[in-house]
Amino acid sequence: MSPVLIIFFVLAGLAVLGALNLVLQKHPIHSALSLIVVMVCLAGLYLLMGAEFVAAVQIIVYGGAIMVLFIFVIMLLNAGEEEHTDFSKIAKFAGLPLALALTASLAALVVKPGQNVHGATQAVIPKATEQISTMLFKDFVYPFELTSFLILVAIMGALVLAQREKK
Amino acid sequence: MIAFLQQNAFWIITIVKIALLLFIVLTVNAYLTWFERKVVAHIQSRWGPHRVGPHGLLQPAADGLKFLFKEDPTPLGVDKFVYYLAPFLALALSLTALAVIPFGPDPIVLFGQKIYLWITNPDIGLLILFAITALSVYGVALAGWASNSKYSLLGGLRSSAQMISYELALTMSVVGVLLMANTFSLTEIIEKQSHGVGGVGFLGWNIFAWGKDGLLFPQIFGFICFFTSAIAETNRAPFDLPEAESELVAGFHTEYASFKFAMFFIAEYTAMITVSCLATILFFGGWVSIFPDSWTITHYIPSITLIPFGLWVIYDGLKYETIFGKLVLPAVGFAMFAIGAVLLAGAWIAPLHQVNEFIQPVFWFTAKVFVFLFFYVWARGTLPRLRYDQLMNVGWKLLLPVSIANVIVTAGVILWRGHV
Amino acid sequence: MPTPMLDHLWIIPLLPLLGAATNGLFGKNWPNKLVNAVALNATGFSFLAALEAVREFIFVRNQELFRKEFFDWIVAGSFRAGFDLQMDQLTVIMVLVVTGVGFLIHIYSTGYMAHEGGYYRFFSYLNLFMFFMLILVLAANYVLLFVGWEGVGLASYLLIGFYFLKKSASDAGKKAFIVNRIGDFGFMLGMFLLFKTFGTLDFTQLFAKSAPWANEGWGVFGTFTVACLLLFTGACGKSAQLPLYVWLPDAMEGPTPVSALIHAATMVTAGVYVVVRSHVLFTHSETALVVVGTVGCATAFFAATIGLVQTDIKKVLAYSTVSQLGYMFLACGVGAFGAGIFHLMTHAFFKALLFLAAGSVIHAMGGEQDMLHMGGLSKKIKVTYWTMLIATLAIAGFPPLAGFFSKDSILFEAFQREGGWHPLYFFGLLTALLTSFYMFRLIFLTFHGKQRYDEHHVHVHESPWSMLGPLVVLAVLSVIGGWMAAPSFWGGEDHFTSFLSPIFGAAHEGALSEATAHSFELTLAVVAVVAALIGLLTAFWLYIKQPGKPAEIAKSLKPLYTTLCNKYYVDEAYGAVIVKPLLALSTNVLWKVIDVEMIDGTVNGIAHGATATGDITRQTQSGNTRSYAVWVVIGALAVLVIIFWPAIRAMAGGAQ
Amino acid sequence: MVPTQYYLLLSAILFGLGAVAFVFKRNIITIFMSIELMLNAVNLAFVAFSQASGKVDGQVFVLFVIVVAAAEAAVGLGIIILIQRNRQSLNIEKVNLLKL
């Protein structure tokens, strides 16, 4: 068992635990924290795969911005424990089995039986960050610019939504 | 046994380095508090601490003890887990940040092992630093939320909003440097700055940006934006709204006492140090010396500065009131003087020359960091705290646009100079 | 040589359309001046464009047929109906008449309609009419022509019912529309037959294909005969021939300029145009020609007789229009298409003039239309009087005015075509007599004799020059309009026919030799003039010398008189025979049974079904987002299964 | 090296857990978080594929996904704030005006 594999299993285990916790916790803050754990673990996995840049962005944007935003909103709205209502019968009875079925089928599909599980995978991509940047600013330049527009729109939308209309 | 050591040398060395670094940083933190109190006191024409030890030099130790032995109450109705998690988070993150900071270029060679002056030197050091800074919001925010108290909550809200806002400016202001350095690795960034035009060291720094590539766009604006938003990131005056004592008692750590409070404390000061280091590395050429390499004297400046300083300490000690001071200070002073003299001898003795070579960059690095730390304290001593809306205005309407403009101009200049 | 205008022939019809759209959409709150500007510019420039196009056609292309396909409109299998416009001698005349007279009448209308409501509406419709009329005359295939055909129908409907608050007006509009539909139905059938036979509806191809076919003699009902008769039905509808003329008199409910433009000068001549346009087909069928001729002649006489007793100034003109149209068909019937077109043109001039003058009179009388309440106006409104007099002389066929030449040539052709006995000719002659009689009756009743209206209520005033200007222009045209076709004995030569000859070719060469032809023509002309004179004198005698006479005559011939007054009870007959049963059928069967029971029933049934289904299915729409979430999950699962079905099967296989 | 399947499996599990949370949580914010979780799972798959294929396209797409997620968070949280303001509740089952 190579150290890399060990690290992988540790991180993966943490991630799954975090995800589970996200489901099980009653209070949004705790869910948020567990989600942060998941994200950090994923960042670690990215590092493990040699996707340093993505890892950093993952933490900076997801961990540092989005989740902070979530927590901020939770604090702002002072959201308490979630009430345990069960108005939706279908969710109450069929929800869990269906979701689990989805998980199972996904898992079954990604791990194809009969195929060599220890299949050779690429080593770390050299100079990934540089490649990403060239790709972003050459091949994907228009989508990239479009995303900036998207962000702009999102900002405006958030402003319009969240500000109290002045009397 | 030896074999084992040989095999796992890397791990062992790393662990030792970490321990050492922790020790140093914590000590520096402690004395930073002393320094801060002294400076602020003198700014306000007071004496500051001077009872515990000569010039109150043992004050930090006393404070430490106090922190340890104070009662540690946990308020009612707090969210226990988060309440305890917050300080750890804050401290851990701020200490982790130090791991990627390089303090000097050349390694010490011990037992055939090269020991570099950094714990790790990843290619994306800067990104990692920012990642950690980004995460460090949680400590404050969670603390504020978990304490189940209005003041804390407000403090937490403020800090999270503030940190998110200034993170943008912080990141953008650095992009200029990145454009010129073409890398995320801190050591490489420093290396890129070490070629001042005509061998004049400081011209090569990004703040002047007059390196071997000719004059690029000096990052003065970048630096100003960076340092301002860095102060805000570390919740220091004049941006210390999260702990604005006049409005929120003590903000997010109102409900924390004794050691948990100490953790926030240490975290804050460590963050200061990190930021100062970062400023040094990014804009002031890290360990690059001011003077041209060609001069012999350049290599001996640390030693040379040590000698008069030592002499001054001796003089100061001799006219100190307490017996203790009369004894200790001259001794310390003499030690300094002696070391300085011996090292200076290195000009004629080869191995000592090596030592000088080794010390010099570290000296410059620490010197610059010290300047920034002083700046922190100075700002705190002089500037009034901003109002919240002012804070937001500065962050969004001033720093962010300026830093973006800085990026654009820098990029333009680089393109124009054709050093892409 | 470049022919820019021809290459962009579509501009000519487009301009009025733009005018119509602009006025119709935005004109509501515009000042009249602005509306005028739009409408007049639209038509005026269209006229100029037409002139330029004609110039290019004559001098650049040396009168060879110009034809251009601008874009495909309908393409289905072998069938193609494109937006194809063409320009040949016939089109030249039509386009010039339409745009020219149309423009004049637009100018006139600005004065006439000045105080009417719905000013913008009126001009919008008028422009619309111009557009469709131009499409009609420029079209290069029957389908596009039919578009224009229907379009002018629509425009005329809108304009007849312009005062839609007046019931009689809106009724008249409907009547016109419906009667036209009957004709249009025939027209469509004709087109279908033609397409079935020749596989195309494009003029050039169609005529080329039909040329080699054998002629169908008298009494033979072959393809050509049937097709032509069907087309002629349409023409009857549009051009108000027996038995479909009934709508035209009622159409006088519309504003007078409309009557002048649509129901005298242009639209009603569309029928003639179509017949002439498809003369190649008609000449193939003896029977069709005879029918056309007979119907035309009959209508001419018939309408004239009715015209004798009308007292409404516009009605008189309406019937005279009908009878003149009869003349044109008569000409076509005897194969003198050129003459027909010639009369069409001259008639456009003097009949438009008559209507406009009548309009001016009505305007002067403050809306009074009954001639019996007029009289002695000649002093008061000189310009109108003189212009109208000229027009009357023209229509009555006094040399050297336009009417004389055209009518004379028709009669001559008629005479010369038929061997042996000459019923058509004689009826034509008789009609000419009647025409001049009732026209001068109109003149005398209106302008001479003692005034029969109340000075104090009506104060007569000459119309503004915006109305008189067109009158003068048209007067000039109706004087000189005929000279281009001055018959040879007159010393002139027939430019007109020679100009049209490329189209009709040797459609009709005289059965007589040149010399005899001359003498004949001369004598016939003299006879015609004499007839006209008789009519004039009779009118003079009856209405100036002894104003009491007419009443006595009417009394003595009571039955005849009443019949005439009631227009032979045609409307009543139609009402009894067609309208009533139809109404009964529609109300009792179509409406009460089919529409209400079946159609509405079905529709409502479907609606109720939908509601019921909704009631059931909306249970899923619980409004609870978590349920929706579950649905999403189900969907995702389904997608997975569908996409990876092979893999799943493989797995299942692998399991066993 | 870690085989790609492991990563994919992990991502599948995370996604599934995200779905479970999506169905089971009542608090709008938490549901929103579960969506983020699913996005993260997808990202993981992306990166894993990119590493397996030795091309960085996957990572680029991850960046795009992150950007979109950020935008989505901004707007979504705005909406959530509105909901809380208007209905004084974050329980998604009480936000059911869409019902017929």
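Should a chain be cited, it is by its letter among A, B, C and D, assigned in written order, with residues numbered from 1 in that chain.
Just so it is clear, contacts are C-beta pairs under 8 Å (C-beta built on N, C-alpha and C of every residue); 3 or more make two chains touch, one makes a residue touch a chain.
Predicted model only: the values in this text are computed from it and were never measured.
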Which chains are in contact with both subunit A and subunit C? D
Ranked by contacting C-beta pairs, which pair of chains comes out on top? A-D
Chain closest to the middle, measuring from C-alpha centroids that were averaged per chain: D
Approximate Å spacing (C-alpha centroids) for the pair subunit A, subunit B: 32
In whole angstrom, what separates the CA-based centres of subunit B and subunit C? 97
Taking each chain's centre as the mean of its CA atoms, how far is subunit B from subunit D in angstrom? 37
For subunit A and subunit D, let me know how many angstrom lie between their CA-based centres, rounded off. 6
Overlap residues in subunit B, where contacts from two or more other chains coincide: none
Residues of subunit C that contact two or more other chains, please. 622, 624, 626, 629-630, 633, 636
Which residues does subunit A have that touch at least 2 chains other than itself? 53, 57, 65, 69, 74, 76, 87-88, 91, 95, 98-99, 102, 106, 109, 112
Determine which chains touch and list them pairwise. A-B, A-C, A-D, C-D
Contact set on subunit A toward subunit D in their complex: 4-5, 8, 12, 15-16, 19-20, 22-23, 28, 31-32, 35, 38-39, 42, 45-46, 48-51, 53-54, 57-58, 61-62, 65-66, 69-70, 73-74, 76-77, 79, 82-88, 91, 95-96, 98-100, 102-104, 106-107, 109-112, 115, 117-125, 128, 131-132, 135-136, 140, 143, 147, 150-151, 153-155, 157-162
Which residues of subunit C touch subunit A in their complex? 622, 624, 626-627, 629-630, 633-634, 636-637, 640-641, 644, 647, 651, 654
Going by the contact rule at the top, pick out the subunit B residues touching subunit A in the complex. 79, 81-82, 85, 122-124, 127-128, 130-131, 133-135, 137-138, 141-142, 144-145, 153, 156-157, 160-161, 163-164, 167, 171, 184
Residues on subunit C engaged by subunit D in the complex (per definition of touch): 618, 621-626, 629-630, 632-633, 636
Could you list, by residue number, the parts of subunit A that touch subunit C in their complex? 87-91, 94-95, 98-99, 101-102, 105-106, 108-109, 112-114
